[in-house]
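Each chain gets a letter, A, B, C and D, in the order it is written, and its residues are counted from 1.
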Amino acid sequence: MNTFGTNFRITTFGESHGAAVGVVVDGCPPGMALDENDIQPLLDRRRPGTSSLVSPRQERDRIGILSGVFEGKTTGTPIAMMVKNEGAHPHDYEELRTLFRPGHADFTYQQKYGIRDYRGGGRSSGRETIGRVAAGAIAMKYLATKGIAVSGRIVSVHGRTGAGEIEAEILAAKNAGDSVGGTAEIVATGCPAGLGDPVFGKLDAAIAGAMMGIGAVKGVEIGDGFAVAGRFGSENNDPISKDGFLSNHAGGILGGISSGQDIIVCIAVKPTSSIAKPQRTVDIHGNDAEITVKGRHDPCIVPRIIPVAEAMLALVLIDAVLEQAKYRSKGE
Amino acid sequence: MNTFGTNFRITTFGESHGAAVGVVVDGCPPGMALDENDIQPLLDRRRPGTSSLVSPRQERDRIGILSGVFEGKTTGTPIAMMVKNEGAHPHDYEELRTLFRPGHADFTYQQKYGIRDYRGGGRSSGRETIGRVAAGAIAMKYLATKGIAVSGRIVSVHGRTGAGEIEAEILAAKNAGDSVGGTAEIVATGCPAGLGDPVFGKLDAAIAGAMMGIGAVKGVEIGDGFAVAGRFGSENNDPISKDGFLSNHAGGILGGISSGQDIIVCIAVKPTSSIAKPQRTVDIHGNDAEITVKGRHDPCIVPRIIPVAEAMLALVLIDAVLEQAKYRSKGE
Amino acid sequence: MNTFGTNFRITTFGESHGAAVGVVVDGCPPGMALDENDIQPLLDRRRPGTSSLVSPRQERDRIGILSGVFEGKTTGTPIAMMVKNEGAHPHDYEELRTLFRPGHADFTYQQKYGIRDYRGGGRSSGRETIGRVAAGAIAMKYLATKGIAVSGRIVSVHGRTGAGEIEAEILAAKNAGDSVGGTAEIVATGCPAGLGDPVFGKLDAAIAGAMMGIGAVKGVEIGDGFAVAGRFGSENNDPISKDGFLSNHAGGILGGISSGQDIIVCIAVKPTSSIAKPQRTVDIHGNDAEITVKGRHDPCIVPRIIPVAEAMLALVLIDAVLEQAKYRSKGE
Amino acid sequence: MNTFGTNFRITTFGESHGAAVGVVVDGCPPGMALDENDIQPLLDRRRPGTSSLVSPRQERDRIGILSGVFEGKTTGTPIAMMVKNEGAHPHDYEELRTLFRPGHADFTYQQKYGIRDYRGGGRSSGRETIGRVAAGAIAMKYLATKGIAVSGRIVSVHGRTGAGEIEAEILAAKNAGDSVGGTAEIVATGCPAGLGDPVFGKLDAAIAGAMMGIGAVKGVEIGDGFAVAGRFGSENNDPISKDGFLSNHAGGILGGISSGQDIIVCIAVKPTSSIAKPQRTVDIHGNDAEITVKGRHDPCIVPRIIPVAEAMLALVLIDAVLEQAKYRSKGE
């Protein structure tokens, strides 16, 4: 439910307006140097308030390590990390007590649990991803020791692709009290061949699940993705030569197992659901209503999703790297 | 690894040219009428040899139930099912002993395990999906008792969308010794609101993982998928009225939890990797080589993937339905 | 590793002398009233410093709930709880930097991880059980709504069984700078028939694993335990009448599934490993050495293990109760 | 439910009088020589009909490997194995349709599932352990390559301990239409230090769960077990010298992690529940009744439990050995 991974296992907790959000990381290799400075920079990239393109909310989001590190090194025991919540404007959310915001999880949480923490989305808030990003930072540090690096970039916003165009689209949406969607690409370099398990543990399946599990993501592609549907096999197969693969339409994964090429993932991100324009909805009693979502929201969530998607890819990869260690041992 | 699901758990086994392929289903609700006739029809839909558009291989694929059913009813104990392998032309595969087929898992399995059953792809063969489809048939029978139905259809092949055009594209590729890709849509109707778990157990994340875990699938969309990247929030949010949602761009899932609308999934399927045209590759010693894949292959795998994708969606849904039973109990 | 349970899942974290110890509880039913006052009393029972029979260390161990509760009720999201560490006498532990204490995990942790937090046992300290007890208190509150109650008692210490004898044994050991072992019984009343899963998910197997996973426990019995080895079947079988079972040698579990009778568990607890008497050991370089363990240790850990064992039994039972909800749904 | 293990994962299936019993082993290291002759000898040891001390039923129990082995070597893919059922005397079991046998799972299965395969105990029959033993044989073959060996022996029957006395007790019980319990010891030699995970993944916890999950086992001890309850710490702690531990009261496990000493486990086995003497019971309608269990039953199950207990210990150990491979990789 709130746990991700098998070998490197993270459990996140916390609501948007509760006391704290955080994560427990279980299975981190022992003996790795680690302190808060390894984690804070990635968190800062997902933080709001950093430019005119994202939410102006001011959240310091200072991470604290509570366990699992001794004399500056990981010990193999669980690493608990926490960020205290602050900077909330609870009056922004009073309306949410009775109204379901279109595009949000308000309605479905109420249906599922019969109760929900309505303040700022509660558990379904993007603040939950702080735990993922903090855990992802640890994963990335370990992966770097194996030569593996993960990075992401915005590909398009509202169909536009240049940096200037993207900025203009976001600001236009912001000024209109609206929001825009976009796409992003996440790439892992340096992965050895052999990561991933056949059948139900395929690396691409794990990546797809990890990406689609990020709020606002509605589509995932590996390699050339939907473009392959319009191709001949003779175009799409990646030929092999003694110097390696001659193309990478597959995105670095064959039969669910990494090929040694770059792993390439593309995601579709929907426009932020919270918009200032009036929308039709119902209240918790089922009556028709209108809602104008207040608060300081992101006109486009793509920039802030990048570090989350990087973290999720890193978490999938570290799990596979540790899993594969068993095979190396087996084959010895 | 070879197990899928938490509450309704399936474990598949078997290689393309081994003694048998099969599946063990654990967690099936007790007391449900079940015999082989509930399973065979879905298996027959994925079988080759049924039309000029698919592989002409003749495989009867008769399923047998070995356990878990007593006097015509499920008992709650594991349901093991098996299909004996037959109809193999092993001489078709002799070349695969030393050559890696482009687009296949031959290279990556060898990298991962240092050994592989090269006959017809071994474990990475599409025959592995027999176990998934057999298990999916049981899941569908149970879901039907809850009013939930799953069905799939071909949307496009090689960019064309009409039935006649699709057939023409497939036959043209077949005649050219080539293959073509396509897209398919899988829909579940009748799902109650509340299925799926927040954060890492999201219903759309589980579906994305399940779909991307089918061989040849390279992209997954929920609802409008990649189209949302070009929209404004005011266009994309599904408004709610006292009579229900007024649109379904979200594809029936909000915040990872089903909304009660139809669940809509689209997948991109790559062109079959096995083609009769010569391709560049290497042998197991790393030397340059050329390969022309022999055997009776599908020029387009989309038609035969439909029942597999239906099965996977049914498996995700039954898992969520049984999981949600715990909440119903909790809320009582 | 540090996670226990399937449906009601707890993940503990923290070292004896780190910043904090705590637990994340995932899968708690929503809508249950909960605050710190539901948890603190059970924690207070495991706390040291409460009588002359246990360690005189003063630890307030005040629990704080960080998430998962809104307006006094559980929401179905993870409940994170934390106790800040205090009251440490780190100079008591300086010697542990280089010496392995006999009977403790010092040697094996070093072997496993190549690094260890030696302060007070670090992760292997009994303080880790704070998280278990806090989670167990939530489980007990839920189980009470189903009519299920868990309670434990000391059966014997150093072979003696009366309250006065037990106290005398403990004080004598304390005065001698030594420690003593004992046995305890944990009973669950009110369990419905049908809890537990056959084969590998048996209720007695889960209980045995849960109990043996408590530090210092070296033996577990269900029902009459080792006494059954000396019996005839005609003596040991529990006859059934229309008014129910006529005896309970089985301890409330048949074939791994609860019978509706009281569930009875007995555990053997070894004498506390930390003793003031000199013992032979080695240092981290493998040289012979002698150690006299300093600090304020329990001469007998049985009294303080009782609430931990109660918590573990409650955790096993709530997991089974929630699991069984799926069957109730299935059978509907 | 019917799956055991994390890294080396087995799923058993089959009922006593169904078509077959079997197991799927997932996660077996690739490249290991394997055929049916590696498995059959251990199965033969658990087979009935081999002496006057066990059930005279004749079951050939010939194992067949269906997948996962290619050209005589494991490939890393699932190994499915099956034994066809034969030799049943179904008329022996007709009475079981309506009566619950005391000491058996008949009553609790009916309570749990509302349906049961009553023929010979169905899924709760000892025949289910064929799958465990077959999987255990593979585990033992792998463990042998690491220098680890597992073996078991009868310690006592009905309180007697010499071979002649034990035989006499069993025959006396058999002649009286009764049954007797006993104890057995299982030992693993050659285990490296460092196996097992702290807190909830402790090696002794896993062993206790594995042993208590064998039908008829009612008690489990690690090392000196219940005897430690009567000791002083100064007696019970195992001192360490530069030449290693000076005693092994702990049974080879400290803090849940193997110490490198022999791992010693003792189990209590109840007298076989099936006896020829009349017993009080109820029928499925709740009416008082008397039952005399017919069929060819074991007067003492201890001899036939030994290979099952060995298999379970081997399964726990291989799981820990493969898990530890991740740490070796981490520490590199």
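As a working rule, a residue touches a chain if its C-beta (ideal position, glycine included) is under 8 Å from a C-beta of that chain, and two chains touch if they have at least 3 such contacts.
In this text, all values refer to a predicted model and were calculated from it rather than measured experimentally.
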item	value
Numbering shared by both copies at the chain D-chain A contact, with half separating same from different	same
Remotest chain, chain B as reference, centres from CA atoms	C
Computed distance of Cα centres, chain B from chain A, in Å	26
Chain B-chain C separation of Cα centroids, rounded to whole Å	44
Of all residues in chain B, the ones touching two or more other chains	1-3, 12, 27, 30-31, 76-77, 112-114, 123, 198, 327, 331
Touching residues (chain side chain D, partner chain C) in the complex	1-4, 12, 100, 102-105, 107-109, 111-114, 123-124, 128, 156-159, 173, 176, 178-183, 193-194, 196-202, 204-213, 215, 218-242, 246, 250-251, 253-260, 268-275, 277, 279-282, 286-288, 324, 327, 331
Residues of chain D defined as touching chain A within the complex	7, 27, 29-31, 76-77, 198, 322-323, 325-331
Residue ranges of chain D in contact with chain B within the complex	1-3, 9, 11-15, 18-22, 24, 26-27, 30-31, 64-68, 70, 73, 75-80, 82, 112-117, 122-123
